[in-house]
Amino acid sequence: MNAIDIAILGASGYTGAELVRFLANHPRFNIEALTADRKAGHSMSAVYPQLAHLKLPELVTIEQVNWDELAACFCCLPHATTQEVLAKVPAHVRIVDLSADFRLEDVAAYAKWYGHEHFAPDLQKEAVYGLTEINRSEIQAARLVANPGCYPTCSLLPLIPLAEAGLIEEDDIVIDAKSGVSGAGRAAKEGSLFCEVTEGIHPYGVAAHRHVAEIDQELSRAAGHAVTASFTAHLMPMSRGMLASIYVRTKDGATAADLRDVLEKSYADEPFVKILPPGGIPQTRHVRGSNLCVIGLADDRIQGRVLIFSAIDNLVKGASGQALQNMNLMFGLSETMGLDLVPMFP
Amino acid sequence: MNAIDIAILGASGYTGAELVRFLANHPRFNIEALTADRKAGHSMSAVYPQLAHLKLPELVTIEQVNWDELAACFCCLPHATTQEVLAKVPAHVRIVDLSADFRLEDVAAYAKWYGHEHFAPDLQKEAVYGLTEINRSEIQAARLVANPGCYPTCSLLPLIPLAEAGLIEEDDIVIDAKSGVSGAGRAAKEGSLFCEVTEGIHPYGVAAHRHVAEIDQELSRAAGHAVTASFTAHLMPMSRGMLASIYVRTKDGATAADLRDVLEKSYADEPFVKILPPGGIPQTRHVRGSNLCVIGLADDRIQGRVLIFSAIDNLVKGASGQALQNMNLMFGLSETMGLDLVPMFP
Amino acid sequence: MNAIDIAILGASGYTGAELVRFLANHPRFNIEALTADRKAGHSMSAVYPQLAHLKLPELVTIEQVNWDELAACFCCLPHATTQEVLAKVPAHVRIVDLSADFRLEDVAAYAKWYGHEHFAPDLQKEAVYGLTEINRSEIQAARLVANPGCYPTCSLLPLIPLAEAGLIEEDDIVIDAKSGVSGAGRAAKEGSLFCEVTEGIHPYGVAAHRHVAEIDQELSRAAGHAVTASFTAHLMPMSRGMLASIYVRTKDGATAADLRDVLEKSYADEPFVKILPPGGIPQTRHVRGSNLCVIGLADDRIQGRVLIFSAIDNLVKGASGQALQNMNLMFGLSETMGLDLVPMFP
Amino acid sequence: MNAIDIAILGASGYTGAELVRFLANHPRFNIEALTADRKAGHSMSAVYPQLAHLKLPELVTIEQVNWDELAACFCCLPHATTQEVLAKVPAHVRIVDLSADFRLEDVAAYAKWYGHEHFAPDLQKEAVYGLTEINRSEIQAARLVANPGCYPTCSLLPLIPLAEAGLIEEDDIVIDAKSGVSGAGRAAKEGSLFCEVTEGIHPYGVAAHRHVAEIDQELSRAAGHAVTASFTAHLMPMSRGMLASIYVRTKDGATAADLRDVLEKSYADEPFVKILPPGGIPQTRHVRGSNLCVIGLADDRIQGRVLIFSAIDNLVKGASGQALQNMNLMFGLSETMGLDLVPMFP
């Protein structure tokens, strides 16, 4: 079969390198172009020696991309820049955007959370929120998919079916989320230094993390009315992995078993979402390097309260893996193509 | 001044080694005996080479201890064993017990949580719960102090003054706690292996962690009625440090500023408890190796909800440091004696 | 094409789990049996939850294996036990043994290093040392392949071609090797605990590490006379990865460029061994999770001395990956089958 | 007794913060000024929250320092800047300089290794190399002490007495050294990011690390003739700690026992240098946070070769701890003042 030529814009970050890892053995997508403005002219192996044994195009600037050759692109550029770049991409090119730039339907909400007007409000209108398991049919038909943030992916996969089923009190959702450092990207920042991160934990972006805008938007859609979740992010001394510990009150005496039942039905045929049996507790180690989301539930000691634990690899299901899952879907391929990765442990 | 001769029972664990670290430069307490049944006959430096430059007595069995020479002891033995051993300690010896064996006033509660009848119910009656800043006068007069668990210490220091002040809804307290691995001790268990702990996080003891019995007991005392907290422990890929992220609803429109005000007043003169100003966020790295507890508060996005973060070193304020603080108090010494440790970072 | 049915003996250790990871997507080998005496009756997913989404046979005892159904087996049993078990495996079953039990040709050498007589001296005679790139033709024809140790693999891949070429002084080879903790396996030992390994480094097995017997044996074969290398192992605070820093004196004024030339020629067509260009420095991160060995060379400041750095993943090229590479070879399959793994970074 | 007022120049780096940690409880030295040009006007606690409970002067620029009030200063500025700044410090102020700017006696060697002419050649003449145990009498009388680098300290403490005793072949010294990341300082560099450092190891500065100039200089002095050591640095996935694995050939059949004998005699009365008995193997964990250097020796399998392992905390004996030890010495105080720190483990 013919190869489908694609580009990765902003390939020098961790999410770009992850896409290359998945695409290296992909039977249909062919990496035709890799861009990285500041690294243009260098080989990808100079930036990521672990990819040196692969045959990859040289890094170029976005201006050097020949769009005529391309059927699609993954966009791993920083926010704001993304809006400016994607507004100029020709209409025949389908896009999965890993930035936050097209995740919020309401451009006013975007302006509030990101501190500037939306630079591509027209493009926003055609963007589809790319939580694959939830928005599958819309994604399939979309030209532009806004790939969800890692925290929203990890939190929404368990919460949306429960909110839709009306089983939880939507005004009493507490999400305590923990992420590996790779979520902060490869930028050289004091806060991401080894010595500043190892052997410790701390919350960050307290009551102000931008990802909550996505969580609220999608929970509200699922519940059918405005929902505000209590969300707190914590930085973990590890590269990869994300755990959301979610504390909910149930309606009408529903128990963990009832909630598990809903999730099992919702995700029964999903290759990447696994609901654990009673007593099962997810660890981020159990999904490392894979596109899996593993969810466990337990009754709290307090009647009417249920504990939900959701684990993903923030760089895979939380970013590049879901992006490829979406792109597969958009091109009518099996969603698991290139993503049949067994978690790596230890 | 005369030295006060003390023993450390069960000195071969991490909490025993920490006590030695603090006592090495203590002006008044003299380590007269170190016990470790399975390591008896060995030097402490064979078990902990980092202590090799100190002059320390050889490890002996508990039977070899000459109680006549001793004024006090720290007990770092496992639970159940502790009750049997301490029941036989002569009455002139004052005790700080680091196990869980005497923390629950109600021996029936003990039996429920620990799976066997209490072996020393009479001794239980004279035990005092050793949260220093809260129970100071009782501790001072006590013969037997039950040193609090690490999770209770970290959670109760912020919560007790708030519960006493009636500022929070006691039936809606969610504690998401994260601990370093050293809390599991030095026992060779698969779950504590490097490969099983590093680069990942997971909850454990879900809805069944024994420390909640202490938390409930002390919160109930503070509130004046029965309180059950929602508590979940997580294992972190780090040796030391504990963070409790506490999610509360306030009463009567109280805000983070109101709660901070209460805590600042409660702990204004405390050398070891620090309340951060608005915007301040604790990291476990900021207390590593010290007896400090640092607490920060913030208003949630949801009105009427406040986020409280409390950080300690689980081996210090959460174990051996508070134990020494209590022993200092019991002997009329400055609580900071031997504990003027500056946190080590990086 | 027909599936080739194989068993993994001792599947509950890390090397067994790694084999499952590689075989999950292998087009020809089918896992017909998994043994783990102490875990028999359990599912593999109970022991390794990260494998829960795979269809795998239940764990059984070795006695329960139906050898008639099998064409081959991987043996991940501990040493000594391995000799006893493999001596009873029917002759039609081809074996790749990951233990040290058949690596030393000289059974007297085995007895000296492992402290007991060899239990299967006849079987030893047909064993082939499984360093794939060096012994390819012998391995292809072998019934029993002794898969090399991780330290020998990492050290010998650069050294054997140089010794064969007569370019280095064989009596002045210093190997300073560093390994991740997974090399110690999943056994619950104090020395492998998180707190005992993290944030530190130390040498171990000083002047007495058993792997040197293999290194000496193979270097002697390559050099054509008895060679004893100076070898020291260090334990690293990481799960995976191995680096050998090798210090050699060259003959006849040979430089790093001369040595690189020899290695480039030796490994020009090898899919898994990569020689870096001048200035290239290997990191263990660049091979993590893959079957690659990456080698870099540099002239020392001292004339006539060359520095050689060799990096592998100890669980892959140093264990299970090379084992599969060998098994592929033995069955006439492409050596890369199931092993086209892109290194995972970060 | 009167306080001795001192300043720390460049207090916002890790070595500055370590000095504050040691001086917090120092009976004689009083921190009168802390400089940090880019952070001037901020409190030290804004830069290092772990120091928030200490009473410290606000950060100022170097220009704001009132030298009349000061008896001494520690200089933690970057190289080159240091020469310019220290050349202007009034003559009554005694200095311990933690940079590399005054460590090389030969200004031509400095120019070669650091890429520019020495900016303060006159000041260089009065600088004393501050390896305390080796140069004690010169340090005591010095105005300007050039505090040694971490790698030289770790390597030279075992090697100098052996070179002086003529027990080792000086032209065959191989030093394989491993360091924690804190040695790279707090600068935001890609290579020091958590994701780039954790779970891996690699050599760096191969055959070109600037610290070898110091090692050569001091080994040559000890041997009485020019010595060039083979030295390779490796970056470890840990914050603190340094291990030098040193491979030597001995003269006249000397064994590890002979070498140990020399070191034991050299350091018999030293509070900070400990020679382990036969079989003793140092771990960096055993010195963490302390000013100790622990050294172990073993005979190699190859006759005439000895393995030497030397462990320090790179930020303490390798930097700020030795700096304070030197300052104590310069002011006639006990060298251990403020440095009686028990290593922190775990």
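Labels A, B, C and D are assigned to the chains in the order they are written; within every chain, residues are numbered from 1.
As a working rule, a contact is a pair of C-beta atoms (placed from the backbone, for glycine too) under 8 Å apart; a residue touches a chain by one contact, two chains touch by 3 or more.
This structure is a prediction, so every number in the text was calculated from the model and none was measured.
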Legend entry - Pair joined by the larger number of C-beta contacts - B-C, A-B: A-B
Inset, instruction - Could you please state the distance in Å, as a whole number, between where the Cα atoms of chain B are centred and where those of chain D are centred? - result: 36
Inset, instruction - Calculate how many whole Å lie between the centre of chain B and the centre of chain C, each centre taken as the average of the chain's C-alpha atoms. - result: 45
Legend entry - Rounded Å distance, chain A centre to chain B centre (Cα mean): 39
Inset, instruction - Give the residues of chain A that touch two or more other chains, as numbers and ranges in rising order. - result: 14, 182, 195-196, 198-199, 237-240, 283, 285, 288, 346
Legend entry - Overall pattern in which the protein chains touch one another (line/ring/star/complete/other): complete
Legend entry - Residues on chain D engaged by chain B in the complex (per definition of touch): 14, 17, 20-21, 24-25, 48-54, 182, 198-199, 239-240, 271, 274, 280, 283, 285-290, 292, 294, 315, 340, 342-346
Legend entry - Residues on chain C engaged by chain D in the complex (per definition of touch): 171, 174, 176, 178, 180, 195-196, 198-204, 206-208, 212, 228, 230, 232, 234, 236-241, 243, 245, 247, 281-285, 288, 298-302, 305, 307, 309, 311, 346
Legend entry - Touching residues on chain A, where the partner in the complex is chain D: 14, 181-182, 186, 188-190, 192-199, 237-239
